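Read through the structures below before going on.
Each of the two complexes below includes subunit A, the first together with subunit B, the second together with subunit C.
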Partner chain A sequence: MQVQVRLFATLRQGRFKRQSLELPEGDSVADLLKSLDIPKEDVGMLLLNGRDAALEAPLTTEAVVSIFPALGGG
Partner chain B sequence: MSSRPVLEPMLTEEQKATLIRTLEPEALDVLTLDRARRMAVEIDIPLKCIEWFALDHGMTVPRYEPNVLALGRSGQQRLLQSSVMIVGLGGLGGYVLEELARAGVGRIICVDRDTFDETNLNRQLLATSSTLGTSKSSQAHERAKEINEAVEVVALTTALAEVAPERWQGVDMAFDCLDNIPHRRALAETCSAKQIPLVHGAVGAWCGQVGVIWPHSSALERLYRNCRDVERTSVLPFTAATAASLMASDGAKVLAGKRNDTELRFLFFDLQENEWHSITFDDDGPDASCKRQA
Partner chain C sequence: MAGYCGNILRINLTTRTVDTQPLDMALARKFVGGRGLGTSYFQKEVDPNVDALGPDNKMFFTTGPLTGTTAPTSGRYMVVTKSPLSGTIASSNSGGFWAAELKRAGFDMIIVEGRADRPCSISIRNSEVHIEDAETCWGKTVTETTDALLEAFGDPKARVLAIGPAGEKQSMIAAIMNDRYRAAGRSGVGAVMGSKNLKAIVVRGTGKVDSGQPDQTKEVLARMRKKIAEHDVTGKGLPAYGTAVLVNVINEHGVYPTKNFQQAYFETADKVSGETLAEEYLVKNVACYACPITCGRRCVVDGQEGEGPEYETLWCYSASCGVDDLPSVIRANNLCNDYGLDTISAGATIACAMELFEKGFIKPDEIDGPPLKFGSGEAIVEWTRKMGCHEGFGAELAQGSARLAAKYGAPELSMSSKKLELPAYDPRGIQGHGLQYATSNRGGCHVRGYMIAPEILGIPEKLDPLSLEGKATWTKIFQDLTAVIDSLGLCLFTSFALGAEDYRDMYSAITGADITTEDLLKTGERIWNLERVFNLNAGVDPGEDKLPKRLLEEPIPEGPSKGQVHRLGELLPQYYQERGWSAEGRPTEAKLAELALA
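Moving on, here comes the complex of A and B:
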């Protein structure tokens, strides 16, 4: 299935800004992160089709996933 | 739920009567700082209460006039009536304090147990060559009083966990200016238990995120659901100042009654790319989203 992936800020380093990826049917957001080599601890806001989602959320064809880095400094 | 905090009354009936007796014969159009200061001593009423009364009776208070044009008299009065707690007085907290004191928030409790060190100098407003080694909360107190003596400032040189429950009495809003996730979680839990909104802000390198977390929402958990803590990262001076200004603005909007919704809306910015993203979380939690998605 085709999934649209949008990465933000530091998560783009060595990767991309936005890209369409081919993933196996039934993959979840966690599987996507693994394929992009993004440790889950680095992920802050995570949106699936514009709504905040958990790592276990299943992906569907043409899903749009937006991944922001975790920020904690002050 | 209303986004507008219910604030404590500013004056007792006795204070009101004293102010009417003192101010009405003078028929002032403008209450200067000098006159207000003398009056505070003469009639033994706090300066912020005199300023609030002057605004209530149509007088111009020059200090707040540039605010009043945007906030209205009632908005400015609400700020003077408000009580906030700023937790963390580093890169975010120093600027938040600066702006809230200038805006005229009536009572500010400043919480930080640390002292300034050299690694703070790049971004922390209160960190200067001469304040190295001194208490952050004491410097915050001094700075806020220097900016606006009408503001009641309480400095607590302590960790969040050690803030006595009575210190939360009357607090209308808290500002999360902390630098680690476990303490942010603890603050969010406290605010939720006390039913007060929490203004969240976090930064890293060129990026920041800011938003208001309403009581009993799981927004903070959802922001940090994947990580226990983040490694100490770079924070640039303009990133901290930008995030802090957005926090002060978000908080002032709610306190002044200028925001009516209770959406879970976060702004994520990336100053390196000049990108700004507004993200709204569902109110009903991520599980519901996932079920619908499935």
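Moving on, here comes the complex of A and C:
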């Protein structure tokens, strides 16, 4: 399945900003992090289609996953 | 009491008299300092129905007991006055170095009264205080004024607070600037200074602020610095990207107001994000006095160095105006700093004008500048310049979006609450934050109770932004705690890493005040209620606790928060109850007595 992945701030270093990735059906958010080599501790905020998601949340085709390190303040 | 200088400076510009008076320590104990103390003095001395731009309005430049001490981020002060924009109490906060310098000169607060008959400035060299002519600075930008006054003062270590041309022209959205780039931005406080013909206050202090007994403060302050350094937001996020890091965070949640809140997702936000700013324009981080967080951004565009843009500024000039050209946004930000305009209200008013233009209310032939089209980088820069110097149609924009939209018979297109333009979070997808906008004592602002922390960032714990549950309670606690932080003289950003207990510990360690955390929060509640009472007496009735119709009735059309509206009607009664107010939103006699305000 195709999943759209968006990385932000420091997580972009050595990776990418935005990419469409082909993942095996049934993969979860945690599987995606693994394939991107992003340690769980580095993740501050994880959104699946703009809503907070748990690591075990299953991915679906066309899903948009936004991953942020812990940051923020305006 | 350590922390306080014990002196206030009362300056009457009509009679050109300067008087040093003892600080009322009973009031200081009851209201801490900064915002609280300024409000209590203000409420004692000024009729709530005063003309905000008349000589009888007063200005209180007020520091906290921690300002200028060794506590982290202790460079803050407040400007308390009546707002010409909203008619509410105004308390605008700023950082930089000016406030710490004022404390070193020996003053906790400056009270400015009356109106000078010609442009003047105030010069403070420790206890030596003079009112000086400033005719040669009138009409000059903040940078030019700062350079000229520093030279005339003859000490490069002096600190300058000034208004730009916008304040002189009494623009309703004029800011007060200090240390060139730091702004007491909101509520039109710059116009009040302009109405008094007061261009600037220059201060140099060589004394020492008493930071309490080192054996008592050392351990506490070290613990606070450690917490700030170790927290992801204050130790990593803000130093690396500044506040601008929020652009993508808020946009990805689908609550990033776009084209004057017509949409809530900006497709090309990344081009105008904190990440892009850091990659392409950032020269270095800068910090305010005693701040380990260093969230300030020194950026260069067109060879001109400036500070910012902050998150809110990036938003109002980019997404809100539909512009994704970062250099134009930086130019507009620099113009705001130089002309002394509140960036949020300035950008948001241009966005409102763009919608009025799009919908045919403003006709192309009645404006003397570039078409007010969403997406136009040229328009945001040129209209900011015209607002700053009140040129042509820019003078209309400089009155803020509420007056502009009302003039065209479309008041609902002003995205404001109590006439203060809403900042960079669409409340339709963040329910608690919307309640905070509607109930803030100075109108639509985000820094009276930053509900984004729990609802989006998960600090101190994650709340569902769409749920109403517990939001009235959280909003009240955040508002009360913020009033405390603003009164201590610390930066609100410390609250990502610190809690109420920590503020109590610092306050007690430095001043020796014997106070519980509950009592300190009660002090915050007292300040909140005092501000509320002032507003009610000034004729700002509870019916003004509202949000623009669009946010209550038009669902977010696209993006992750599609379909949401704000449910203020459900939250407001809960909030009034939480505050112990009447069902109509008025503090009860019993509540005022409980807070020793009766």
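By our rule, the second predicted complex is superposed on the first by the 70 of 74 C-alpha atoms of A that agree within 3 Å, B and C clash if a C-alpha of one lies under 4 Å from a C-alpha of the other, contacts with A are read in each partner's own complex, and residues count from 1 in each chain.
By definition in this document, a residue touches a chain if its C-beta (ideal position, glycine included) is under 8 Å from a C-beta of that chain, and two chains touch if they have at least 3 such contacts.
Here the structure is a predicted model, which is why all the values come from computation and not from measurement.
*Asks:* A:Q4 contacts which: subunit B (first), subunit C (second), both, neither?
*Replies:* Neither partner.
*Asks:* Quick one: is A:A54 in contact with subunit B, with subunit C, with both, or with neither? Answer first, second, both or neither.
*Replies:* So A:A54 only meets subunit B here.
*Asks:* Who touches more of subunit A, subunit B or subunit C?
*Replies:* Larger number of subunit A residues touched: B.
*Asks:* So in the superposed three-chain picture, is A:P69 touching just subunit B, just subunit C, both, or none of them (first/second/both/neither)?
*Replies:* After superposition on chain A, A:P69 lies in contact with both partners, subunit B and subunit C.
*Asks:* Touching A:E41, do we find subunit B (first), subunit C (second), both, or neither?
*Replies:* first
*Asks:* Share the list of subunit A residues that count as touching for subunit B in one structure and for subunit C in the other.
*Replies:* Shared contact residues on subunit A (touching subunit B in one complex, subunit C in the other): 8-10, 44-45, 47, 49, 51-52, 68-74.
*Asks:* Residue numbers of subunit A touching subunit B in their complex, please.
*Replies:* 8-10, 40-49, 51-58, 60, 68-74
*Asks:* Across the complex, what residues on subunit A touch subunit C?
*Replies:* Contacts found on subunit A: 6, 8-10, 12, 17-18, 44-45, 47, 49-52, 66, 68-74.
*Asks:* Taking the complex as given, what residues does subunit C use to touch subunit A?
*Replies:* The touching residues are 232-234, 236-238, 240-241, 243, 245-246, 248-250, 252-254, 270, 274-275, 295, 310-312, 423-424, 446, 450, 452, 456-458, 462, 493, 496, 559-561.
*Asks:* Can you name the residues of subunit B that touch subunit A in the complex?
*Replies:* Its residues touching subunit A are 88, 90-93, 176-181, 184, 201-209, 222-230, 232-233, 235, 240, 266, 268, 270, 272-273, 275, 277, 279, 281-282, 286-287, 289-290, 293-294.
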